[in-house]
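For reference, chains read A, B and C in written order, and residue numbers begin at 1 within each chain.
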Amino acid sequence: MTLALVETAAKIAFVFGLNIGVFAPLLGWVERKQSAVMQDRIGADRADVFGFTIIGLFHTMSDTIKLIFKEDFIPRGADRIMHTAAPALALIPALVAFTVIPFGGHYTLWGHNVNLVVADLDVGALFVFAISSLAAYGVVLAGWSSNNNWSFLGGLRAAAQMFSYEVAMGLTIIGLVMFYQSLSLVTIVEKQNEFWHWGIIWHWPAFILYFTCAIAENKRIPFDVPEAESELVAGYFTEYSGMKFIMFWMAEFVEVVTISALCVVLFFGGHHLPFVTDAELISGLGGALYPNFANLAAMGIGILTFIVKVIILIFIQMTIRWTLPRFRYDQVMALGWKLVLPASLIWIFIVGVGILSGIMPRP
Amino acid sequence: MSEQPKKDYDFHKEHHTELLTVNMGPSHPATHGTVKFMLALDGETIENIEVDVGYLHRGFEKECEAQTWTGVFPYTDRLDYLASVINNVGYAMTVEKLIGITTPERCQYIRVITSELARMGAHFTCLGAGALELGALTAFIYFVEAREMVWDLIESVCGARLTHNYVRIGGLTSDLPDGFAGNVKTTFKECRRLWIDFDKLLTKNRIFLDRMRDVGGISSADAKAWGFTGPCLRAAGVPYDVRRAEPYLVYDRVDFEIPVGETGDNYDRFQVRLEEIEQSMRIVEQCLVQMPEGPVNVNNPEWRQPSKDLSSGNIEYMIHHFKNVLEGIHVPKGEAYQAVEGANGELGYYIVSNGSGYPVKMRVRPPCFPITSALPMLIKGRLIADLIPTFDMLNLIGGECDR
Amino acid sequence: MNWWETGGVDSPVMAKVKERFKGTSTLIFTHNFKGDDTIVIQPEDVSLVMEFLKDDPQLAFDILMDVTAVDYLNDPDIQPYLSGLGARFEVVYHIYSEEKNHRIRVKAPLKAEEPIINSVAFIWPSADWFEREAWDLYGVVFRGHPNLKRILLYKEFVGHPLRKDYPKTKRQPLIGPVN
C-alpha cells in the first residue's frame, strides 16, 4: 500500500516536474532560440550568472523572477474572481491531461510491478479530450471577465474555435480506436510493440488530421486567431500581467507537450524503440542474468525514447509556428467544419472497410 | 395568415443586440504610424469604420514657412521617414525648378541611386510589416535584414540611417564614398537571396493567398478617382509611374519595368511592391555603370554653398557664403509644382516664393493621404481580420499622412 | 518683366481651356510659368470648370492630385490679380490626366471675409480629405462637402493654424482626460 502510494507520488512528481519544471520553461527558451536560428538572428543571450550565459538558458530564470515581481493588474470593471481564476482554469486541464499518458511500459523491479503511467484509465483517450476541452473555460472566462472589447472578441473566437476543433479532434482518433480496439492509452501503446503496428504506418492520414486539430486546439500559429496580436492586441489575455499572464503561456507550452506526447502514444509507438520490442530489449540488456537492472535500464531507455520522440514533435510544431502566417477567423472555422470533420468521418469509414475486409490486420 | 412584415423592422432591436463599437488605435499593434479606426462591429463584420488621422501632425508646413529654403530639408526627412532621400530629392528639384538651375549629371545619377535605395528600404519595410501582421514573423525578419543592409549603404553615403538630410538645393552634401559600387554589389547579392527566401515563404503560400486575394480590391477607375498613385494604383492595372510618365533626373536613360497588377487587391499590391524591389536594384546597377565622373554641386555660389576653401579664399564666394548663411538663398518670386515617384506614389511639392529667403507656401502632396481616405470604402462589410492586410498594403506612413 | 511671363505658345490643354471659356468671365488669369499650365478661375465657377476638365475627352483629367490653399495676407503682390479682387486666399487644385499624361493647376482666389467655395468631392472622391484638410488648416469652407470637419487637428482646436495671422508659437490648452 505504502509502496503503491510512493510509486504514484513519484510518477506524479515526475510528470509534473517534467512539464512545469523542464518543458514549460525550456520551451520558452526553445521558442526564442529556434526562431532566432530560423530568422538568421542570435536570439536572447544577455542574461548571465557570473558572466556565463550558456546560450541564453538563464533567460528563463530571469524571466520568471521578473514576472513574479511584476504588478498583478486587474482592470477596473473586471470580474475579480473570474479574472483571477481564469489562468488556473486554463493551466490545470493541460497538466491533468498528462496523467493518463504512459511515458514508459511495464517493468518488474524487485518483484514490484511498475506501470509508467500516473492513472491507467480504461477510457484514457476520452479522458484526455474531456479534460482538454475544459481548458476552453479558462480562455472564455479570461476574455469575458477582463471588461475589454478585444479580450471579449478573443474569448468568443477562442470558444468557437476550440469547441469546433474538439469535435473534429475526437473523430480523428476513432479509426485508431477501432484499429487497436481499446480506449486505454496503455493498451494502445502495448499493441504498438511491433514497429509495423505503429499508428503512423496505417493511420498517417489520421495523424495529419489530428495534428492539425491539435495545433488549432492549442491556438498556435497558423490558428492563433483568438490571440492574433495584429487584430485583437493579445486576444483573451490582453488584460493580464505578471504570473497570471505567464500561466497562460505555460498552459500553451504544456499543451504543446501534451499534444506531442499524445501523438507519440497514439501514432509513434510510445516508449518503444523502432524494430525492438520490449521483451527483446530487456533480454538484450541481460534480462536473464540481472532482471532488475535490465528492467531498470529498459525503463530508462523507454522514458528517454519517449522524451526524444516528444521533442521531435515539439520541434515540428515550433517550425510550423515560425513558418506560416495566420488564418482568418472564418477560414479557421471553414477548415474545421468543411474539411477536417468530413475528412475524419471518411477516414473512419475507410478504416472500417479496411478492418472488415482484412486489408488492415489488427494487432 | 402570414404575418405582415413590420414597417420599421430593426434587426438589432428585435434581437436585443447592438453593434459593438471599438477603438482600434491609436496605440494598437496594427495601427503602426499612429492612426485610429472607430469600428462598429456586428460580430466580426465591420459595419462602419471611421478613419481618424492626425496623431502625428506636427505643423510641417507652418514650420517650413519659418525656415530658410535650405533649412527645410530636415523637415522633409520626416515625411515618409522610410524613404527620406526621395523627399529630399523632390523638394530640392522643386526649388531648382523655380530657380531654373540644372544639377550636374553625376549629382543626378547619385540622386537616382540613393532614391532607389530608399525605395527598396521602404518596400522591404512595408512588405515585411505586412507579413508580420499576418503572423509570418520569419518573413518580416528576412526583409528587415535586407533593409538594414540597404540602410548600411545609405549610411555609408550620408552618415544617417533614417533621416538622411542628404540632398541640397543645387547638389548634394557629399559624393559617393570609395568602394561604393563594390558594396552595392555584395549587398544586392544578399538582398536577392533574402528576396527569394521571402518569395518562397509567402508568394505561393495558400494561407497567405487566402488572406490577401480578393481583399481590398479596387477597380482602376475607382483607384484614379480616389487619387491613388504609386504601387496601389499600379496594382489596379494603371501603369502610372512618375518616373516613366514624366521622367525626371536620369530615369529616361535607364531600363526598368513597371509592374502592373490586375485586380487591385492586396495580393496585387504585394506583388507589385515585391517586383519593384527588383526593378530598383536594376536601376541602381545601371546607374553605377553609366555614372560619369565630375562635380556633384552646381558651381554657383548664389544657390549652392561653396566649399570651405573657396569661400575663405575668394571674396565673391565669401560674400555669398555670408549672405546665404544669414538670410538664406533668395529663391525668385513665383510658384512651382514638381512631382517625384515616392515609395507610396506621387510625392508632389508645391511651393510659392515671394523672393525672400523664406517660403510663403510649402505644400507637400502626401501620396498615402488620399489612399488612406479610401480605406472605409474598401473595408466596409468585410471582416475585422481583413482590415489588417488592407491597411498594411495601402501602407499609411504617419509622418507623411499627418505632416 | 514679371515672374510669370515666360512667353512661348500655349500648350494644347491651355488652348482648349481658353477656347472653352472664351467670352465668359470664368478665367481671370493664365500663365505657364516653368511649364506648369495654370488657370485662375472665378470661385463660383469651380464646379463648372472641374466638370469640364474631367469630362472633356481631350482633357480627361482623371486624378485630382492635390487640393490646398495659400494665404497671401503678407504678400498680396505675388499674384497680380489678388489686390484687384480683394482676395486673400487662393485654393489650388493640381489635376493630372493619367490617360493623356498632362497636368494643370487650377486656382481660385477667395476673399478674406467669406472664404467659401464649392466642393469638388462629388467629382473626385479624393477631394474629400484634401478639402477637409484645407478647412482644418486654412478655414476655407467647401460648400456641399459631405463631412466637413477637422481632420489633422482635434475638434476642440481654435483657429486655423496655417493662416499667416496665426502665430507660430501660439499654444492651445491641453485637452482630454486629466488624471
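By definition in this document, a contact is a pair of C-beta atoms (placed from the backbone, for glycine too) under 8 Å apart; a residue touches a chain by one contact, two chains touch by 3 or more.
Everything numeric in this text was worked out from a predicted model, so none of it was measured.
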* Asked: Taking each chain's centre as the average of its Cα atoms, which chain lies closest to the overall Cα centroid?
  -> B
* To do: Average the CA atoms of each chain to get its centre, and name the chain whose centre is farthest from that of chain C.
  => A
* What is the distance in Å between the mean C-alpha positions of chain A and chain B? -> 46
* Asked: Centre to centre, by mean C-alpha position, how many angstrom separate chain A and chain C?
  -> 65
* Asked: In whole angstrom, how far does the Cα centroid of chain B sit from the Cα centroid of chain C?
  -> 24
* Which chain B residues qualify as touching chain A in the complex? -> 20, 22, 28-30, 41, 44, 131-139, 141-142, 145, 201-202, 205, 207-208, 210-211, 383-388
* **Contacting residues of chain A [partner chain B, same complex]** => 35, 38-41, 149-150, 153, 221-222, 224-225, 228-231, 233, 322-331
* Where on chain B is chain C touching in the complex? -> 53-54, 57, 59, 61-63, 65-66, 97-98, 100, 221, 224-227, 229, 238, 240, 245-246, 332-337, 339, 346, 348, 350, 352, 354, 360-361, 363, 365, 369-370, 372-374, 377, 402-403
* Of all residues in chain C, those that touch chain B in their complex -> 3-4, 33-34, 36, 38, 62-66, 68, 70, 72, 74-75, 77-78, 92, 94, 96, 98, 101, 103, 105, 124-126, 128-130, 133, 137, 150-154, 161-162, 166, 168
